[in-house]
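So that we are looking at the same thing, I have put the structure below in structure tokens.
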Amino acid sequence: MDIARTELLIAAIARLLDGCRTIAIGNSSPIPGSAALLLRARTGGATRVLMLGSVKHNAFTDGARELFDCAAQGRIDAFFLGGGQIDGEANINLVGVGEHPRWQQRFPGSFGSAYLYYLIPRVILFREEHTPRVLVPKVDFVSAPGISPPEVYRRGGPAALVTGRCVFDFDRDRRRFRLASIHPGETADSIRVHTGFDYDAPADVPVTPPPEPRDLDLLRGRVAGEIAETYPRFARELFGAARISAAE
Amino acid sequence: MAYDRLMQPVPLDDLAARIKPGLLIAIPPDYSGVSVAATRALVARGATGLRFLAVPTSGIQIDILIGAGCVAELEAAAVTLGEQGLAPRFTAAIKAGSIVMRDTTCPAVHAALQASEKGVPFMPLRGLIGSDILAHRPDWRLGDNPFVPVGANRADPIVFLPAIRPDIALFHAAMADREGNVWVGRRRELVTMAHAAKETIVTVEKIVDDSLLADEASAAGTLPALYVSAIAEAPRGAWPLGLAGVYPADTDALAGYAEAARTEAGFRAWLDRFLDAPSAAA
Amino acid sequence: MAYDRLMQPVPLDDLAARIKPGLLIAIPPDYSGVSVAATRALVARGATGLRFLAVPTSGIQIDILIGAGCVAELEAAAVTLGEQGLAPRFTAAIKAGSIVMRDTTCPAVHAALQASEKGVPFMPLRGLIGSDILAHRPDWRLGDNPFVPVGANRADPIVFLPAIRPDIALFHAAMADREGNVWVGRRRELVTMAHAAKETIVTVEKIVDDSLLADEASAAGTLPALYVSAIAEAPRGAWPLGLAGVYPADTDALAGYAEAARTEAGFRAWLDRFLDAPSAAA
Amino acid sequence: MDIARTELLIAAIARLLDGCRTIAIGNSSPIPGSAALLLRARTGGATRVLMLGSVKHNAFTDGARELFDCAAQGRIDAFFLGGGQIDGEANINLVGVGEHPRWQQRFPGSFGSAYLYYLIPRVILFREEHTPRVLVPKVDFVSAPGISPPEVYRRGGPAALVTGRCVFDFDRDRRRFRLASIHPGETADSIRVHTGFDYDAPADVPVTPPPEPRDLDLLRGRVAGEIAETYPRFARELFGAARISAAE
């Protein structure tokens, strides 16, 4: 694990969550989870984090449907989705590459994306792998569309896409991504080369800023201990066992 | 005794014998009390032609069943071994075309079960429109919200999902009492599964003497015997998965499965050890 | 502390002050944790113009509120004092035409709240067709089941109920913890009410120090703070009604109310005593 | 309370429940509740009783909706309904006498009747008061209809009407009640006089048989103790405090 890079991603995502009161985190999402816990630490607990797989940070008591019902009730401000493929209109594919039903490559499946993407105001797409294989011109299967026609009930959708190379904002009116910042070591050209879809980019692309020192302290302290409850291996690799037990 | 009747636990194999070809069996996700014990009994019996509904996802349980040739059809929002990666026997079966797979999305499974729970033929659900999941579900219907205000200048399309009524709900729980009431705690998807299904069969860590309905505290997390057809005792019956509040998942054993099942031969060898003695499979 | 935030209990009167004219307030049945304490605070504040949804029935709570002139509208499947007979102030108000009454049936209330819980505009429900309840509900729609098999020689009519989204869910519970999680036990209509409502405000017997979410057993019967806007402590806050597992109903006091409230004057005298000191009203 | 009459009613109702596996009992129903518990005692516990208001005989744990969902799932064989008015087509009125909305006489309301009457196979109407005021030619408000046209989904409905004077069966095809038995002290004529609707009657009407001695023993023993949990006053008046404490 590239520690500095992972911490950069966490800080970049936390910035995108700014102002959210309630953030839900799906399964297998240690980096978004760390970002949400960082925001919570920074707001002195005012931000609520609902993290599947956690015991301490999971208030749900009505079974597996509660996350979905809760989103439909408008109680969740932000969520994360990934994608085996993601295209330039923010469509995501969690099912397979090739053709239905005998895919060339089969992914696990759509989970709740075909619902939550419509209902949670700020959905952040997160996929570390930034290659033309993942970021494609057109997904082979739309698990959930980035954009819906006006007659379709939709309160939410894509706000941004964070990869191992950069941050894109999504412009819902233009139905396109726009390069927002590139991580240290990348260039505007290197992003263009590794991205399979077309997107907007400003003339001068800022560099994704590193975590503030205060955030880094919170991350390596309180958040390290908190995320370790749900993602012990991730926390151990990123923060080291000593930090985690000190934080706990 | 205030309770209506006692429920005698049955041997695990008798329980598995109730699961017959063609039946639709609802199973919970990996974090919610998976009866790996019943899975093993099904494989040992050479069960075939089973139809499964994952509520709403599945992992090692369905991967074992698929690898062992028990599965004809599967409806699921996802199949994954989680941190251990893709479910290898599921992935191989999809490529081989050896199972019928119906992709869905988590809340659609919950809503379709709630429809059966309420005895209504369908439930409306937001989202879904524009997803290729819908495009591949001829059993789902695009309808109209009849409550659009008069004068609204457009319709409000919404998906109608037909009720799903499983023949059997199958899961593993921490305990049952002697009347057949089953403790599920906050894993209430198990309650919905049981309400929706025709029959519910359960493996449990242990049978307790005191009625789970005797006080408000334990009753709150209890599925009443009213819904339960058969119970078998199976200590550590979720292993190598965990059981909330009882034991954690055995990540080494899960990693061992994920590694072994990458090939057909590796899976077969794992399965032989698993059938021989479950803990030996680790 | 693992929890997101602490929730400071508020004084009972501050809690009642959140309940403003025109708001729709969902209240539970007599056996399910009625906040008589908040009822008293509302009457003391001289609340008027409130709209109530009984989930699905009500008794002494709504009778007091109607008698005290707080109620503009009521939707309920029934209003009764149970073994103490008819609810006298409700009955008088119907005859006087002083409240708008919408008759419904229990499962329609539950289903309409579940629609809001799931964020769908409506729920289908069986029954109802041919009942005069439906005839008097222009807000309900007779629709068709879209899943009638092709070739079936007739339609399958079914009622579509619009979602009900209360502004406030108001109830009384045995305890809350310092984070605002509320113990409801098996009274899960309170959970549905809270999920469906914009805000939930609760009176409790006591605040406990240990988190109700800390173990599986207590979590199973807990409404998470996520749904709760305000909590006030009100020991014996359901009196003269009971609270499951905590104290029984005070049948003498209920009989005293039923007797007194048979006349307007008797009700006024009872109310004065009740406002003066609740237990004196007995 | 007329003890012999109440015990007769309980026995008559228990007979109508014969063969039921699961019986639900609504609130404020001590006589139907006693009948269901009698059947349960007689079947050695094979009959399941779900009695609202009881702690010991109420297995529901999913809140107030569970009774209705459970009925819709087809798990309940028998239930009881009453009526401020009941007419000859088995329509029941639990709302009011006179005209909506300012009734001459307002009843509590329809409860779950507009649902359960359609879904539970064997619904037994029970109303002790047998007068032309209650048993009317046509109810003023149909809380729930006795009969539905064929296109309406209906799995259940009225099986019988038990009053303080007699037992009627209901013939769903003929849409009419038929006098099944009259309680001791009544005659075919006295029933006709006190009934506001028309009904069929055989030439010779049997007398409602008294409880079997074995049933009476069960009723005054085990059932007395069981029903006292939910209906202490009823049980005390009917069975006496001594019997109840002996049974408990």
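Here the chain labels run A, B, C and D in written order, and each chain numbers its own residues starting at 1.
Simple rule for what comes next: a residue touches a chain if its C-beta (ideal position, glycine included) is under 8 Å from a C-beta of that chain, and two chains touch if they have at least 3 such contacts.
All values reported here derive from a predicted model rather than from experimental measurement.
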Chains in simultaneous contact with chain A and chain C: B
Shared chain contacts [chain A and chain B, defined touch]: C
Selected pair, greater C-beta contact count between B-D and C-D: C-D
Chain at maximum distance from chain D, centres defined as averaged CA atoms: A
Rounded Å distance between chain C and chain D, as computed from the means of their C-alpha atoms: 28
Where chain B and chain C are represented by their mean Cα positions, the distance between them in whole Å: 35
Chain A and chain D, separation of their C-alpha mean positions in angstrom: 59
Inter-chain centre distance, chain B versus chain D - centres from mean C-alpha coordinates, in Å: 40
Multi-partner residues of chain A (at least 2 other chains): 60-62, 68-69, 72, 119
Multi-chain contact sites of chain B, meaning residues that touch two or more partners: 114, 118-120, 125-126, 156, 158, 186, 191, 219-220
Chain contact graph, described as a line, ring, star, complete graph or other shape: other
Chain pairs that touch, as defined at the top of this document: A-B, A-C, B-C, B-D, C-D
Contact set on chain C toward chain D in their complex: 29, 31-32, 55-57, 76-80, 82-83, 86-87, 90-91, 94-97, 101, 103-108, 110, 114, 125-134, 136, 154-158, 186-192
List of chain A residues in touch with chain B within their complex: 27-28, 53, 60-65, 68-69, 72, 94-96, 100-103, 106-119, 141-145, 148-153, 233
Chain B-touching residues of chain D, taken from the complex the two chains share: 22, 40, 45-50, 56-57, 59-62, 68-75, 119, 226
List of chain C residues in touch with chain B within their complex: 111, 114, 118-126, 141, 143, 145-147, 156, 158, 160, 162, 184-186, 215-221, 244-245
Residues on chain B engaged by chain D in the complex (per definition of touch): 2-5, 116-120, 181, 191, 195-196, 213, 219-220, 222-227
